[in-house]
Structure formats: C-alpha cells, structure tokens
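Next up: the structures, one after another.
Common to both upcoming complexes is chain A, partnered first by chain B, then by chain C.
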Partner chain A sequence: MKMLRFIAGAAALAVVCVQFSAKAAAADKTLTIGFTASETGALNVDSMNQLHGFELWRDQVNAAGGIKAGGQHYKVKLVYYDDQSKAARVQQLYSRLIVQDGADFLFSPYSSGLTATAAIISEQYGKVMLTTGAAEDKTYTLGNKGLFQIYTPATHYLSAAMRLIKEKDPKARIAIAYSDDGFSKAVATAASAEAKALGETVAFDEAYAPNTTDFGPIINKIIAAKGDVVVGGGHYADGATLARQIFDQKVPLRFISLLVAPDSDKFATLGAAAEGVTVPSQWEPSAAYKPDFGPTGAAFAAAYKAKFGSDAPYHAAGGYAAGLLLQHAIETAGSTDSAKVTAALNATDATIFFGHLKFATDAGHHGLQVGHDMVLAQWQKKGGSLVKEVIWPKDAQTSPVLYPIR
Partner chain B sequence: MRREDSKTGMLRRPMPWLIAAVVAAFALLPAATGDVGLRETLFLAALAIVLASNLNLMIGYTGYVNFGNVIFFGLGGYFGVWLATGHGWSLYPAALAAGLLVSAVALLFGAGILRLRGAYFALATIGVNEAVSAVVTNMDAWGGSTGMYIPLDAYQPLGGPRQALWIVYFLMIAVMAVSLLLSWGIRRSRFGLGLFAIREDEDAALVMGVNPARFKAVIYSTSAFLPAVAGALFFFKNGVIQPDQAFDLTFSTEAIVMLMLGGQGTVTGAALGAFIYEYFRGYLLTSPLFSNFQLMVAGALLLVIVLFVPGGLVGWMIDRWPRLRGAIE
Partner chain C sequence: MIDGLLLGAVYGLAAIGLTLIWGVMNVINLTHGAMVALGMFGVYLLVGHAGLPVYATLPPVAVGGFLVGVAVYWVAVHRVINRPHLMSLLATFAVNMMLIGAGTALWSTSPYNVDLSLPGITWRGYTFTGGHIVAAAVAVLVAGVLYLFMRHTMLGKAIRAVASNRQAAELMGIPSNRVLAIAFGLGIGLAMTAGGLVATLFPFTILSGGEYQLKSFVVTVLGGLGNPAGALLGGLLLGLVEGGTTPYMAVSWTPVIEFGLFVAVLVAFPQGLFGKRTGR
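Here is the complex of A and B:
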C-alpha cells in the first residue's frame, strides 16, 4: 500500500513537473520583430507616430498572453534602431536585425525610399516585411515576394477627391499644385491621370519647391487658369501656408483637397482658412468600419489616447494595423514559418478598424495594397468650432459634404 | 643582404604595406567569417574612407574647402544606376563610366568656381550642390523627385542580390585601395608638392612656376572620379536613388568632420578619421546605452577634438612621438 501511494505520488509530481516545465517553455517563447524608425531627421514626426502604433499593439498582445500559433504562445519583442531618416545605414541595420538580433519578422522603415533599400536585405533572407508609410507603388513592382503594404498606394491618395468632384461638380476646372518631392509628385501625377480618365478638366498642373513659403505666384497662376478647385500640397508647412494664402487672397474656390497638412489637429489654428479644406487620410478615428477581428476604431482611439495622451494620427493607426495583421496571419497560419505566414497574408481579404485590406498577388505587383480605400475628411464648423468630419467613402461618412466651400 | 635592404625599405616607407594590410583586413575578415553584419559595417567604413580621402586632396593638399563633394558621389550614383538599369550596362563599365563622366563634369564646374578663393569658394560649392540637385529633381529621365528604383532582376547578372552585395562590397574595397594609393602617390609626387605650394600661398606658388589654375582643375576633377565610382556602387546596392539621398549635404560635412578628426593633409589622417568616425557613429546608433542621445555624444566628442586636438589624431600622434613623422604620411 505504501509502495502504491509512493508510485501515485511520484506520478502526480511528475505530471505537475511536466506541466510546469511545459508552461515555463511556453512562457519563454518570444517573437522578435525588427525595424528601423526615424527617431531623428526629417521623417521623425510621422515615423514616431508609427512607432507608437507598434508599441500599443505589442503591449495589448502581450497583456492578452501573446500571439497563439501551433499550440504555443509567443510574446512580442520589438527591436529597432534609429535610421536617422537616411538610407545610408538602412541595409546595415536590417542585416543586424536579421543576423544578430534574430528578427523573425520585419516592419519597414518609414518612407518608400528607405523601404526599397531595406527590402534588398529582407528578400535575401526570405523575411516577411509589412510596410507602413511606404505608399509609392514603385516599391511593389521590383520583384519582392515578402513585402506587404498596409497603406493605400500613393496613386490612389486623391482618388476619392476626384470622384467626389466628378459627382458634385463635373464641369469644375481642376488646379493641381504640389510639392516637388517623390511622394507628392507620385500622388499628383496619378491624380492628374485619373481626372482626365474621369473626363474632368485639368486647368493647371505644376509643382512648387518643397520649402516654398510665398505661394503668390502659384496662386496667381491658378486664378489665371480659372481654377475652380485646388488639389495637391505636400507636407505640413507648405500645405498649411498654401491654404492660408489662398484664403487671404480670397480666391473663389469651390473645393480644396491637400495632402497631409489638414490631417493635423494644428490645422484648425488657421481658423476660417481651414474651413472646408479636405484631406485624404489613411484612417480617421470617426470612420466606422465593422472589423472582422481586432478592436473597433473607437476602441483603438481610446486605448491610444489613454497611453499617449493625444488623438491617434493615421500613421499610428497604420503601425497598429501592421502588427494586428501580422498577428492574424501568424494565427491563421498556425505557425511562425515565413513561407506559411506569407501564404496567409497573400490570402488576406478582411476588414479591420483601419479599413478593408487585401494584397495583390501577381508577380508584377506583389504585396501592393488593393483593398484599402482612403478616407476623405473635411474641416467643418460645428457648434462654433472646427471639427474634422469624414465625408468619403459614403459608408464611413460622419457628415454630409460641404460643397462649395465658399 | 637584399633581404635586409627590403626590410629597411619597408620600415622607411611603411605606407604601401600599411595600405595593403588595411585592404587585406577589409577584404578577408567578412569573407572568412561570412559575417554579413561586419560586411555592412566595413562597407560604410570603406565608403567613408573613399569620400574623406578624396576630399583630403582638395582640403588637405590644396587648401580649398569643398562643401559640395557630395555632388560627385550623387551624380556618380545617378549615372551608374541609369546606365546599369536603364540601359542594361554591366555594373563594372557603368561604374567606371560614371567616374569618367563626373570627372568631366567637375572640370566644367571647376572652370567656373575655382577662380574663387577661401570662403567664397566654399560657398560656391554649396551653390553648385543645390543647383545640381535642383536640375536632377526636374529630370524626368532620372525619375525626377521620385528617383530611380532598381528591380531585383538587375542583380541577376551578378548572381542574384545575395551574391551581388558581396561583389559590390569587394568593388568598394578596391575603390578604397585605389583612393589610398592615389592619395599617397600624389603626396609623394611633384604634382603633390605643387598642390602644397598652392595651399601655403597661391600667389607665391605662381611666382615659383606652379600653374595654380591647371593644378586646381586637375585635382578637382581627380577628386571627383573615385567618389563617383563609389556613388555608383553604393546606390546600385542601395536599390533606389533619390535626389534627397544623393545630394545630402550631410555627407560632405561629415567627410570634413572625418578629416578634422583624423588630421587633414595626410593619407593616414583622412583614413583613420573616416574609419573611427564611421565606426563610432554606427556603435552609438545601435548601443542600448547611447542610442537615445547618440547625436549629443558625437557632437560633444567633436567639440573636444576641435578644441584640444586641432591637428587631429595624426597631428596629436606626431606631436607626442615626433619619430612617427617620417613613417605616417
């Protein structure tokens, strides 16, 4: 009897030990995700917002027990370095992330140029790299197999504006004035082609130097060309100045849509000059998508505000969406194997808080985002103060379009 | 007896041996270990040595501060990528052609700005950089402001991207070796003495029979060749070239800092300064301890060097051990 009790006790102890060691082993599993962020340099603001999105996702995933795949729980570890907003060190740092830090998956640097540079390294090691802030279409025509774009491509940034103009004012004379940098030029060139394809009239199409502060000559040309609507812009400083000087010169425009600048809450400080101005945005907190998985837009926005004390910009939402999509692909694949996760991402056709996501799978455009639509937001006066309302697409609309704006 | 002579020669003129040892270490260490991380670090160090050594020909040898030497690097990158991807050239002739074309362009620019001296010349070089950047930004054949992207297929003639990166690495080491030998050769030549004379007093050099206009034009054009070849190699490996990357003035100012750190006017000083600066910046960026304030640490160290070691590391070494003067060139 004593012997029986001893054997039973030993067996029970063995079971407990096995379970404990299994739990310990499970808890030890870590998934390393590597990337560079522009902690310094010209891309700093947008890149840091994106980093905040990654961090919020990591914290929420780890708090919920990690990513579940193949009967294992993986805690997420982010490893990143400062690329200084320059290409020079990107390949060195991505080599280090893969070889030395053992990154299982990668996020892209911020911007298309840096992403194309990083992809030369990631592709060699067969790594999956989710790209945010790399909107130029060219990046996805180079033959890469592991890149997956979260953002709507640059060539579709102003699509919503062009379709809205077509619906509201098909005879409007469109003036396209844009900053002469890679991203803005890609957007403006595509917008011009789309306007012509829709049968609209492009009355003016010209670039200005990115550091322009006096838009008088450009505005005079727009007036001379009898432009009714203005689309274009570039980044915050030039976009905000252009909007203010258009207002100061009392140009009788019926519609304005500018890149990036009006997305910032700071834009409201322009007062009456901001009213009616629209911005194509990858995401807005008020956009009401019904997610297939992950948080709702409102839940994400609230969690972001609680952690960082400010409203979530779309770059942060893009960062969070990249993490969420990677997590979903790993869980769907039931594995952390790059080939299986690539297959799961190729098959993705889902809606999350960020919008609908689907990737091109043909060799010529592999990884290009083909499911996501831009949101068009407009500054409108509500209750005496300016607020940003979603006016396009119609299923995400929070307020009717204000047209004409003046 | 001949053996003894050769030993004495090696001790008296250690530079070629030193250069050979450095080049061998750069080439063999990553190849023997297969360490890709080390290869990437040494690639950037070799690039820094190429840029600093060739800038040294203008600043250290001739006394002309050139803030715009990055245009040679950037234009070389554009010509190289354009020929290699747009016209189907092999990388080797494309990089060589880039060097020759940029040298010719430098002769053209030099004819205008080398008439200026001192601060006026330095300012003019910044102006040339801005002008070239603006022209390239508006050149549709080179992709304008969006630049040129290199498809993965372009690496196939070199055996695919993985092998291409190794080949480009060894080519960059070769360019570094030629840069160091060129600096050493010029320093020991009659032409080099003419440049030193211009540096000390251009008018006196003219009286002594040196033709400053011709000497300056030749050295300006020469100092463009290897940075342009390096630019072609760098941007081919980089996978994309855009105006803001190619004509970033930071490259030029960093190369000047490298010269200040190592000591301008010597082959060793330029190379040592470039290697230490590049390695140090790389370390600070990836160090868990310093990465958050790497710019502050780098700035503080630079300040210390400028204030307390104005002759750079080589100047400090020669002050401390005067017998090194003959050995370090």
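Here is the complex of A and C:
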C-alpha cells in the first residue's frame, strides 16, 4: 500500500513537473530579429527614429504575449549593433547577426545605400529581410528573393501629386524644377514620365544646382513656359527658398508640391509663402487609414509619444510597420519557417496604420513596394495659423484639398 | 535681363571691394568671400538681435567691415605686403580659413534668412521684387559715393596717389601704411555691405561668400583689375550675361558661360574690357 501511495505521489509530481516545464518552454520561445542601426555617424538621427519604431513594436508584442504561430507564443528579441553609418560595418555585422547571433529574421539598416549592402548578405544566407527607411528601387531589380520593401519607392514619390493634378486640373501645364542630385533626379524623371502617361502636359523640366539660392532664372522660365503647377524641389534649403521666391515673385501657380522641405515644421516660418504648398511623405500622424490589423495611426502616435516623449516621425512609423508586417506574416503562415513567411509576405495585400502595403512578386521586381501610396500633406491656414493637413490619398484625408492655392 | 541687371549691380559692389584692394596694394584678397558672408551675418544679427530695420543695418555693417578690414590689414597683410604676391595670397587665405572655421563653429553651415518683403513691380507677368530694386539702387549709390570720395577728398586722392606710385606718395608726405590700411578697410567694408545686400535677397550660410568671391574675380577681370568704376560696369555686364543666357539654356550652363567669358577676356583683353591700356 505504501508502495502504491509512493508511486501515485511520484506520478503526480511527474505530471506537475512536466506541465511546469512545458509552460516554461512555451514562455522561453524567442524569435531573434537582427539588424544594424546607425547609432553614430551621418545617419544617426533618422536611424534612431527607425530603431524607436522597432522597439515600440517589440514592447507591445511582448506585452501582449508575443507572436502567435503554430500554437506557440514567440517573444521578440531584437539584436542590433551600431553600423556607424558605414556600409563596410553593415557587411560584417549582418554576417555576424546571421551566423553568430542566429537571427531568425532581419530588418534593414536605415538608408538605401546601407540596405543595398545588407541585402547582399541576407540573400546569401536566404534570410527574410523587411526593408524600411530605404526608398531606392534598384535593389529590388537584382533578383533578390527575401527582401520586402515598406517604403514607397523613390520613383513614386510624386505619383500622388500627379494623380491629384489629373483629377483637379487635367489641363494644367506642369513645371518640374528639381535639385540636380541622384534622389531628386530619380523622383523628377519618374514624375515626368508619369505625367506624360496620364496625358498631362509637362511645360518645363529642368534641374538646378543643389546649392542654388537665386531661383530667379528658374522662376522666370516657369513663367515663360506658362506653368500652372510646380513640382520638384530637393532638400530643405533649396525647397524652402524656391517656395519663398515663387511667392515673392507672385507667380500665379495653382498648385505646388516639393520634396522633403515642406515636411519640416520649420517650413511654416515662411508664413504666407508656405500656404498651399504640398509635400509627399511616407506617413503623417494624422493620416486616417482604417487598418486591417494593428493599431490606428492615432494609437501608434499616442503610444510613441508616451514612450519617447516626442511626436512620431515617419522613420519611426516605418520601423513599427516593418515589425507589424513581419508579425502578421508569421501569424498568417502559422510558422517561423522562412519559406512559409516569404509566401505569406508575397500574398500580403493589407492596410495598416502606415497605409496600404503590397509587394511585387514578379522576378524582375520582387519585394518592391507597390501598394503604399505616399501621403500628400498640404500647409493650410486653420484658425489663423498654418497646419499640415493630409489631403491625399482620400482614405487618409484630414482636410479637403486647397486647389487652386492662389 | 532686368533681373540680371539688378543683381549685377550687387555683384559690382562686391567686386569693387576686391578690385580696390588689388589696385591700391597689389594684394589678391582671399578673405573676400568670408567677408561677404560676415556681412550677411552682420545684417542677420542686427535685425534679429538688435531689432534694427533691415536697411538700417547696412551703415553699421559697412563701418564694422571697415574696422575689421583695418585690423586684418595690420595683423596679416602689413607684414607681407612688400614680399612676393604668394605671401599675401597665403596670408589672406589663412585669415579666410580662420573666419570660415569660426563662423562654422558659431553658426554651423545651416542656412539663415533675413525676412524682407517689399512690394515689387510687375510687368508682363514678371515681378521684380522690391528687395532686388532697392539692393541695386543701394549698390549704385554706394559705388557713386565711393567714386566721389576717391575723386574729391584728400584721403581719396591719397589712396589714388599710393596706388599710382607708393614711393612718390611717401616723398610727398603721405603716410602710405595708414593709407593702405584705410584702403583695405574700405575694400572689406564694401564686401560686407554687398554681403548685407545679398542677405536681403537670398538665404545664406557661412560658406555662401565663396560664390560671390568667384563672381567678383570674373567681374574684376571683365572690368579691369584695380579699376573700381570698371568693376561696377563688369558686375552689370555679368548680370546681363546671366539674365540674357538663362532663358535659352539650362541654368546649369550659367557657370560654364561665366567662366568661359572669364577665360576669353583674360586672353583677349588682359587689362579687362574697361581697364586702362598700359603701354610698354
């Protein structure tokens, strides 16, 4: 009898131990995501914002119990190193992340250049890498199989502006004036081609030196070409100056869309010259998309502000979106197997707080972002002060388009 | 073309500062660009911090420029003025680098802007802003006052005498060192005034003076080295060339045209288009 009691007790203890260890095993499952961040160097600011986006996503996922796939719960572990904003470091560190740290999935570094370098390594090892903060198209035309781009490609930066012009003012004569640097040139070349494809009239198309301060000659040519709308620009200094001088010279334009410069809050210091000017942006906190999964834009912006004490820039939103999309793909695939997650990402056609996302699946452009629209924001006067409102796409609109602007 | 002409007057004023120093003391002043930039920041700081109206900042900027110029002359130029040209070139280059370095440390290389909006004149759809018109008028006025000063005052005549023959001037009792310092100060004062005028038109950084230094070289070659009146005409001509060519070709070609003209004039008219012909 004593022996029976002993056996029963031992069996009960064994059952408890098995249950306990099973629970412990479930809690211990982790999914390692590797990437580099530019904690130092020229890309520091934007890269840190992107890192904040990754971290916010990780914290929220882990607080909710982790990623659920195949009956398992996976806690997310981020492993990252400082790439010093240098491609050579990226090459070394992505190898380390895969070989030594055993990263299950990868995020890209910040910037197109560093991402192109990281892509060589991720493809060598057959890893899935969500790329964010990298708009250049070229990397996706090289036959890569595991890259998935979150940002709208550079060649579509002005697509929204062109479609808006087509809808509002199909007979408008478009003047394209852009900074003579690689990114702006790629954007402007694509914009010109798109305008022509839409049947619009490109009346003027010319580059200016990136350090231009006197836009008088360019503006006079726009007037001579009878331009009704101006698109282009480049970076902050030239874009802000162009907008100011267009206003000072009283050019009767119906619409202006400039790269980068009007996205900065500093642009509002131009006063009346800023009113009506639009800027293509990857994301704006006020963009009112209805997400199929994940938080709304407002919820993301609020959580970001609570954690980091500042408004969420679009680089942070891009980082969070990369995590959210990877999580959704793993949960849809029901597995952490790279091939199954790749298939789930290939099939993605969804709207999240960041906008609509869909990837090209043809061999010539695999992973290129084809679903995401740039948000077009416009400086509008509300209650006596200038505010940036989302005017395009319509499902993210926070205010009707001001057209014509003058 | 009218835009070009308005801007050309400001180019001319900047170049007068450079050509005056060359004409009087045979020094190619490589602090010129940095001084133009300092003039820009002078206006910016006086408007932003002292609350002066934009155009009221020009006299203090000009006077400040004169004092800075006199100081630079005594510190860096005076000791090397009688030595080979390379020495004064290097001395002014060194001062230039120090000014740019200090300016970068103080203000970074981010763009600054002086807010000024004056009603302009609109003609056939083209608007000539009030800022451009006033800047051109001020440049011509300053150049005119300088001309009268050089022609009709004792000090002006002394500067011309030293420029013409320093030894002879000294024999006539003219204190040439003091006159040279004043001439250098005048040259820098003019450069900073021109910089101040540019600041009312365009955004600028501490590096912006470099562009105007290059234009000043082109203008002085067009106008004749050492010839202030020629520099103003050279500036107007450069402005006309800029304004006249840009409607017919991409603006990227403007520097090619400008420096092509620079080389052509150097080869065909070594004394400049408006320079004095010297016999051999």
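Here is the rule we use: the second predicted complex is superposed on the first by the 370 of 406 C-alpha atoms of A that agree within 3 Å, B and C clash if a C-alpha of one lies under 4 Å from a C-alpha of the other, contacts with A are read in each partner's own complex, and residues count from 1 in each chain.
In this text, contacts are C-beta pairs under 8 Å (C-beta built on N, C-alpha and C of every residue); 3 or more make two chains touch, one makes a residue touch a chain.
Everything numeric in this text was worked out from a predicted model, so none of it was measured.
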*Tell me which partner A:Ala237 touches in the superposition: chain B (first), chain C (second), both or neither.*
second
*Could you say whether A:Asp180 touches chain B, chain C, both of them, or neither, answering first, second, both or neither?*
both
*Regarding the shared-chain residue A:Tyr208, is it in contact with chain B (first), chain C (second), both, or neither?*
second
*Please work out whether A:Ser310 is in contact with chain B alone, chain C alone, both, or neither, and reply first, second, both or neither.*
neither
_Comparing chain B against chain C, which has contacts with more of the residues in chain A?_
B
*In the superposed arrangement, which partner chain does A:Pro217 touch: chain B (first), chain C (second), both, or neither?*
second
*Touching partner for A:Gln124 - first (chain B), second (chain C), both, neither*: first
*Partner chain in contact with A:Gly143 - chain B first, chain C second, else both or neither*: first
*Which residues of chain A are in contact with chain B in one complex and with chain C in the other?*
180, 207
*Can you check the complex and tell me which residues of chain C touch chain A?*
3, 7, 111, 113, 117, 120, 122, 125-127, 129, 131, 201-204, 208, 211, 242-243, 246-247, 250-252, 254
*Inside the complex, what are the residues of chain A that reach chain B?*
40, 81-82, 84, 86-89, 91-93, 95-96, 99-100, 113, 116-117, 119-120, 123-124, 136, 138-139, 141-144, 180-186, 207
*Residues of chain A touching chain C in their complex?*
180, 206-209, 211-214, 216-218, 220-221, 223-224, 236-237, 240-241, 244, 248-252
_In the complex with chain A, residue positions of chain B that touch it_ = 35-37, 39-41, 43-44, 137-138, 144-147, 149-153, 161-162, 165, 237-240, 242, 244-245, 248, 250, 282, 285-286, 291, 294-295
